[in-house]
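Letters A, B, C and D name the chains as they come in the text, with residue numbers starting at 1 for each one.
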Amino acid sequence: MKKWIALLLALVMVLSLVACSGAKKEETAETTTAAAAETKAADASTTAAAAETTAAASSQALTIAMLPKFKGENYFDACKVGAQEAVKEIGGITFLYDGPPQNDATNQHQVDILEGWIAQGVNVIILSPNDPDAITATLKKAQDKGIKVLTYDADANDGRDFFVNQVTADGVATGLVKGTADKLKAKGYGPDKPANIAMVSSAETDANQNSWIASIKKLLATSDYSWLKLANDAIYYPGPAEDKNQEIAATLVGSMGEGDGKIQAVIGLTSMATPALGAAYESAANKPDASKVVLTGLATPNAIKDYIKNKDNPMDAGVLWNCMDLGYLAVQTGYQYATGALAKDATSITAGRLGEKQIKDGMVILGDALIFDASNVDQFNY
Amino acid sequence: MPSEMTLGLFVVIIFALLCVVAKDFGSVNNIMSILNRFSYILIASIGMNIIMITGNIDVSFGGVISVMCILMAFIGKKGAPIYAFMPAAMLCGAILCMFNGLLITKLRIPAIVATLATTQIYAGALPLMIEGSIYDLPASFTWLAFEAKVFKFVPLSVILALILLVIALLFMKYSRFFKSLYAIGNNVKSARLAGINVDRTIIITYAIAGLILGVAATIIATAGQRVTTTMGAGMEMTFIAAVVVGGTSVTGGSGSILGTAFGSLLLSIIAPALYHLGISDSWSTAVMGAIIIIAVSVGALKGVRRKRTDRAKEA
Amino acid sequence: MKSKKFNFNFALGALFLVLFIAIGLKTPNFFKPDYLVNVMLRNIIELGMIALPVTLVVITGGIDLSLGSIATLSGIIGGMSYKATGSGILAVILVLLVGLACGWFNSLLVTKLNIPAMVTTLATLYLFQGIARGITQGNSVYAFPAAKWLGNFEIGSFPIQIIFYIVLAVFFVLLLSRTYYGKYLYAIGHNEIASRFDGINTVRCKMIAYILSGLMSAFAGMIMLGRFSSMKYTAGDGMNLKVVTIIVLGGTSINGGVGSMVGTIIATLIIAVLNSGLTVLNIPIDVQTIVQGSVLLISLITYAIIEKRNLSHKRHEVSKAVKTA
Amino acid sequence: MGGQKMTYALELKDITKRFPGVLALDRMSLQVASGEVHAICGENGAGKSTLMKVCTGVHQPDSGEILLNGSRVTFRNPNEAYRSGIAIMYQETSLFEQMTVLENMFVGHEPRKRAGLAKVIDYAAEREQAGHILELLGTDLDMDERICELGMAKKQMVEIAKALTFDAKILILDEPTASLTQREVDALFSVILKLKARGIAIAYISHRLEEIFSICDRVTVIRDGKYISTCNVSETNKDKLVADMVGRDIGAYYPKETIAIGGEVFRVEHLKQEGLVNDVSLHVNKGEIVGVAGLAGAGRTEFSLAACGFTPADSGRVIVDGKEIPLRSVTKSMDAGVVYVSEDRSKCGLVVDMSLNDNISLPQIKKFSKRMFVNQAKCRAVSKDAIKQFDIKAPNEDFIVANLSGGNQQKVSVAKGVALHPKVLILDEPTRGVDVNAKAEIYSIISGFAKKDLGILMISSEMPELLGMCDRIYVMRDGLICGELSRQEATKEKILKLALNI
């Protein structure tokens, strides 16, 4: 009896250790970018590196940890690729990457991960918070420990040194609204024939989506877009989960069409929602007349290129920035700031292949939104 | 069976009412998207139902679905047609669920705990295999959702579900095996006395459920051009709800596929109904939870009353 | 039985040490007191706290899967009420009341309607979470002073909630092992009918257990709210599994009747080591999920085998007894 | 059937079966020929049901052999027995509550027909068969009704019907009429005769003598698991049978001591519980041992459960020491000093997986606690001297009860009750499933209590112990007290006749 317990509980332990080592393999795989630059560091476990960095923060051996809103979605994956590119370019950096699962992208998960990183003393944390207020406490804690904190993609309300912003809220807003308006005009709508629009956001707490919505509403209030009606504040928050997005998209597409009671244009504000809209249209039972409705939104080109190229699909343009560059810029900024090459009050940064970038009160701006359609969608591969 | 029919009537009435109060609810598009959702809920619920009739349960359905979705995406990415990846998924489902069955019968681990554990393992293993999602899937993958329409507007998935429903009904009626499920659910001891190999039956039941689940997973996976590692997360509750609402007793031994069908329909209406009534989707979870509890309690109360009448009858 | 249990907890303790040292050697970081206190211990407190009363529930042969949702719902209601009224005391009272009500509701369905605990709490898990989601419309709710204090206040870099946990742990150890209520629970778990024949009010005993677990879940919810300074309706997801894992690993039989509070506490530490260890090794949280599930599964299997052995052991003894008779 | 020379359809040779603590069957033998109805009778617990369970593979005999038509067989499970043509109708129904009569009759062996590739259940055939059987039984059972909707009698009928669906060569009926109305009994008998005519061998277990005399050809009497006698019904009479059934000479091991009977301590008036207890009134005096005799299902246990508040009585009064105690409250009646020791140790009497100490202290552990904290020392003290007083064979008070022998377990469950210092002790089958020596000890313990001025109500199906121990004996039938006998006037025959209503 005693033997049994000892034996099988030992099994538990073995298993957990196996899990560790198993996972460590892929961890090293992630850091090979760093390892490649270093000599004989190929098998240096990240943790060892972490340990030594805590000893000498100022030395070349930096640990940069990146935390997306959630893992496993190609927008953030693309950012990660860019980040790794930068890591490789600079060299001598240990790069950690982890995040909540897509169906549970919560502040709580992020805090859990952060506390781990803080406690083992990484040098730089680059994150995209799920909740701009809730996260600040933890971020401040990190800063107190001398960790450089940057946000990317979405900002935190406090506790960060820099916000690497893909594009200003107004940039996104104009991109989306203008795009939509032009398409609608082309389909015969206009000041004389107003159109109802709806928007699909992510979770209610996402800072960037909310800031975009704000400036979109501002735009809609202006005279040139006043004919775009956000019918009874039709903004939906399915969160990042795939099935929820599909569900709401299907329902929305179902109520699209011509006429006052219907919706003429839907804008996806996340790289989950927009493809879901395209798919929903494809699978709709009797498709609303493509020449009367418009689908558009933020998305990675790959995710919606088929819909854009497909003539009968009313989704013929998407809006995005270059996510890879975003990741790249974030790491560059973090690195330069950590090594002191970049001052807190700098007004510009030379970020490797991206060249000179503006910094406005702690906000590094990547550039303008890029609008892609059938003509140029194939140029991008992310 | 009157109870299912009352449920059916109830659902139909609700449906009718919604069509009246909420314009657009009755629109072809809406009904079809409801039916599409209905189709996979129904298919999966049939699997859940046969398991619950034996007095067991499987909460790992969600995790298993996620696994199958990724598997299909893997195969489908290279342009493999549906008749290639669907069977693969079904096989995979059968194996995973069978494993649950083994844990439950051979090691006597309560079904819900065993499957809770396997859920975590399945759900956790996926993100290690692939970084999150498989996207940019070819048209051959999304064929079922995008192209396959009967009479240009009825999704094939719905037909698929209805066919499966009929098959299930036939088996429940005419197969000795499925009759024995009820016996097990009623009284394992007597079932053994009647010469039924209880353990084997339960394991097979789980395998069958997994097999059917593969079809449901196909419908879920092919809904878009991207498959993520969390496609099925949390869905099991919907299925359990559908079965319980359908009148299957949670302690096993009773219940009918037909009831489950109506239950699935009711559950697939909730979200769109809330939308069309202008109620926030946020309430859908609560509504579903409430529906389950009401359904279970009603069943339990019936049981209590029966006990009373029993004692009277013994007189 | 006693001696066996002792061996068992001993084995658990050994396992804890082995894991602790193994991980520590892999990464010196792990031994940093700051890490041990602020990550290893601090992060497990909520689970550990809930595991205490739920152990009682499991010993009666029941289970509570809704604890995560109870924690979230009560925390959220507390936060909202504070935002609305600005009264901290009211918030705290509400949190506990909600927990109490939820637990009471569970116990009602289980004891009065005789709905299997698994199903009841699976459904209420859904209901409570749904309500939390509905009333917040999916938004985060932010911490109120009392919660902040519980979650972050430190007595000389020693988090307050750990002290709370220690106090509660002692309380529950005594409750289960020293009071007649504890004995009753074991009796109910082994043989409810016989317990009733001994004049035990089985219904009331079970109800108390569920209500306690509701109450503790609410308290833990408050700590969580403070620690994360905000809470969303999904905050409690997967907690039930983690708690069940702790309890089962701690040697409490999922079929009721067998188990010890000390075991649960040691198991809590083991899970703490595993989680924080995997974090410090920079292993993605997905793996932690797997380990979570595997630990539960393997411990279940272990006990399944042990129980089989005990049974045969018993038969052997009986036949001996018969021969002597 | 029946080969060239005389072989029996079913023959048992020297079957021995032990259960923990008891010798259930002791070199038991039995022969049943095809086309005869063979009665097997004996007191409760004589081993009739065990014998039948051995025949149907539920239990495997420790020694001895079973012959079918002269050839030796062994059944590893009930299924094998079914397949070789032995069908049984159990005393306790083993039906599927949520399923219909039809489904219950055929579970596991539904008739099937080919339909294309698959073999499907042939409902037509099933219904036809079922129709025949129900017709044969002459009952008005609706085959589409769910079992849970049926009353006890009809459930019995279903059991019989179920047994008939196997085209059995040997049919065992275990107390088939226990809860049947006269009409149904007549129907059943006509069925039995039909079956008999078909050359089916029928083993008919019953202690209702009049039934035996009306339909059986031969009768075998068993007592304490031993074979006593077999004879043609035509050549015997009731008194002879009764004598055989109770025959044991009441050994000196009834340490009955004459004690001055004190005043009344326990009185029950007009206790009623729908369908189970129809108006029972009785009383017990200090130092008196009062027996309650009756057949299984006479409502004795039901009565005591209701009297102690375990099951809700509909009406009546319970008075202890002149104070009326409320019905339906276990704790109140316990506090008032009424203690019930259940007949079913493992299910209701003891928490077998817990230690002696726990079991003995459980009912009063609350009293041993200060502010909820248990005074372990007190508990141990109590259980220690209980072990001493009852001389329970256990190494220490932490020993797990399940590992004790049946006799010792029984002592524990009595000890547990006594530890409460009751005024009234209701012992339900205090010596069931206990071997002879243990019995003797328990008897001496009981008379020990009487000396301590306890009132003792002893429910028992064992005539000798009633006669040996009791000052007064009530006889119950159909939930009614149908007779009261003083120690002087009581005899086995009188009691049995009252109980059998002959």
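Just so it is clear, a residue touches a chain if its C-beta (ideal position, glycine included) is under 8 Å from a C-beta of that chain, and two chains touch if they have at least 3 such contacts.
For clarity, every value in this text was computed on a predicted model and none was experimentally measured.
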{"item": "Chains in simultaneous contact with chain A and chain B", "value": "C"}
{"item": "Chain separated most widely from chain D, comparing mean CA positions", "value": "A"}
{"item": "Averaged-CA centre spacing for the pair chain D and chain C, given as whole angstrom", "value": "44"}
{"item": "Mean-CA-position distance for chain D and chain A (Å)", "value": "74"}
{"item": "Centre-to-centre distance between chain C and chain A (centres being mean Cα positions), rounded to whole Å", "value": "35"}
{"item": "Sites on chain C at which at least two other chains make contact", "value": "137-138, 238, 284, 286-287, 290-291, 294, 301, 305"}
{"item": "Set of chain D residues in contact with two or more other chains", "value": "none"}
{"item": "Numbers and ranges of chain A residues touching at least 2 other chains", "value": "22-23, 26, 71, 101, 104, 237"}
{"item": "Inter-chain touch pairs (all)", "value": "A-B, A-C, B-C, B-D, C-D"}
{"item": "List of chain A residues in touch with chain B within their complex", "value": "22-23, 26, 71-74, 77, 101-104, 232, 236-238, 241-243, 246-248, 250-251, 253-255, 261-262, 275-276, 278-280, 282-286, 288, 302-303, 305-306"}
{"item": "Chain C partner contacts - residues on chain A that touch it in the complex", "value": "1-2, 4-6, 8-13, 15-17, 19-20, 22-24, 26-27, 46-48, 50-51, 54, 71, 96, 98, 100-101, 104, 106-109, 111-113, 115-116, 119-121, 131, 133-134, 136-138, 203-205, 237, 239"}
{"item": "Interfacial residue positions of chain C with respect to chain A in the complex", "value": "4, 7-8, 11-12, 14-15, 18-19, 22, 26-29, 32, 34-35, 38-39, 43, 137-140, 142, 152, 224, 227-232, 234-235, 237-238, 249, 274, 276-287, 290-291, 294-295, 298-299, 301-302, 305-306, 309-310, 313"}
{"item": "Chain A-touching residues of chain B, taken from the complex the two chains share", "value": "23-24, 27-33, 36-37, 123, 127-128, 130-133, 135-136, 139, 142, 145-146, 149, 152-155, 220, 223-231, 233-235, 271-272, 275, 278, 281"}
{"item": "Touching residues (chain side chain B, partner chain D) in the complex", "value": "173-176, 179-180, 182-183, 185-187, 189-196, 249, 253-254, 306, 310-315"}
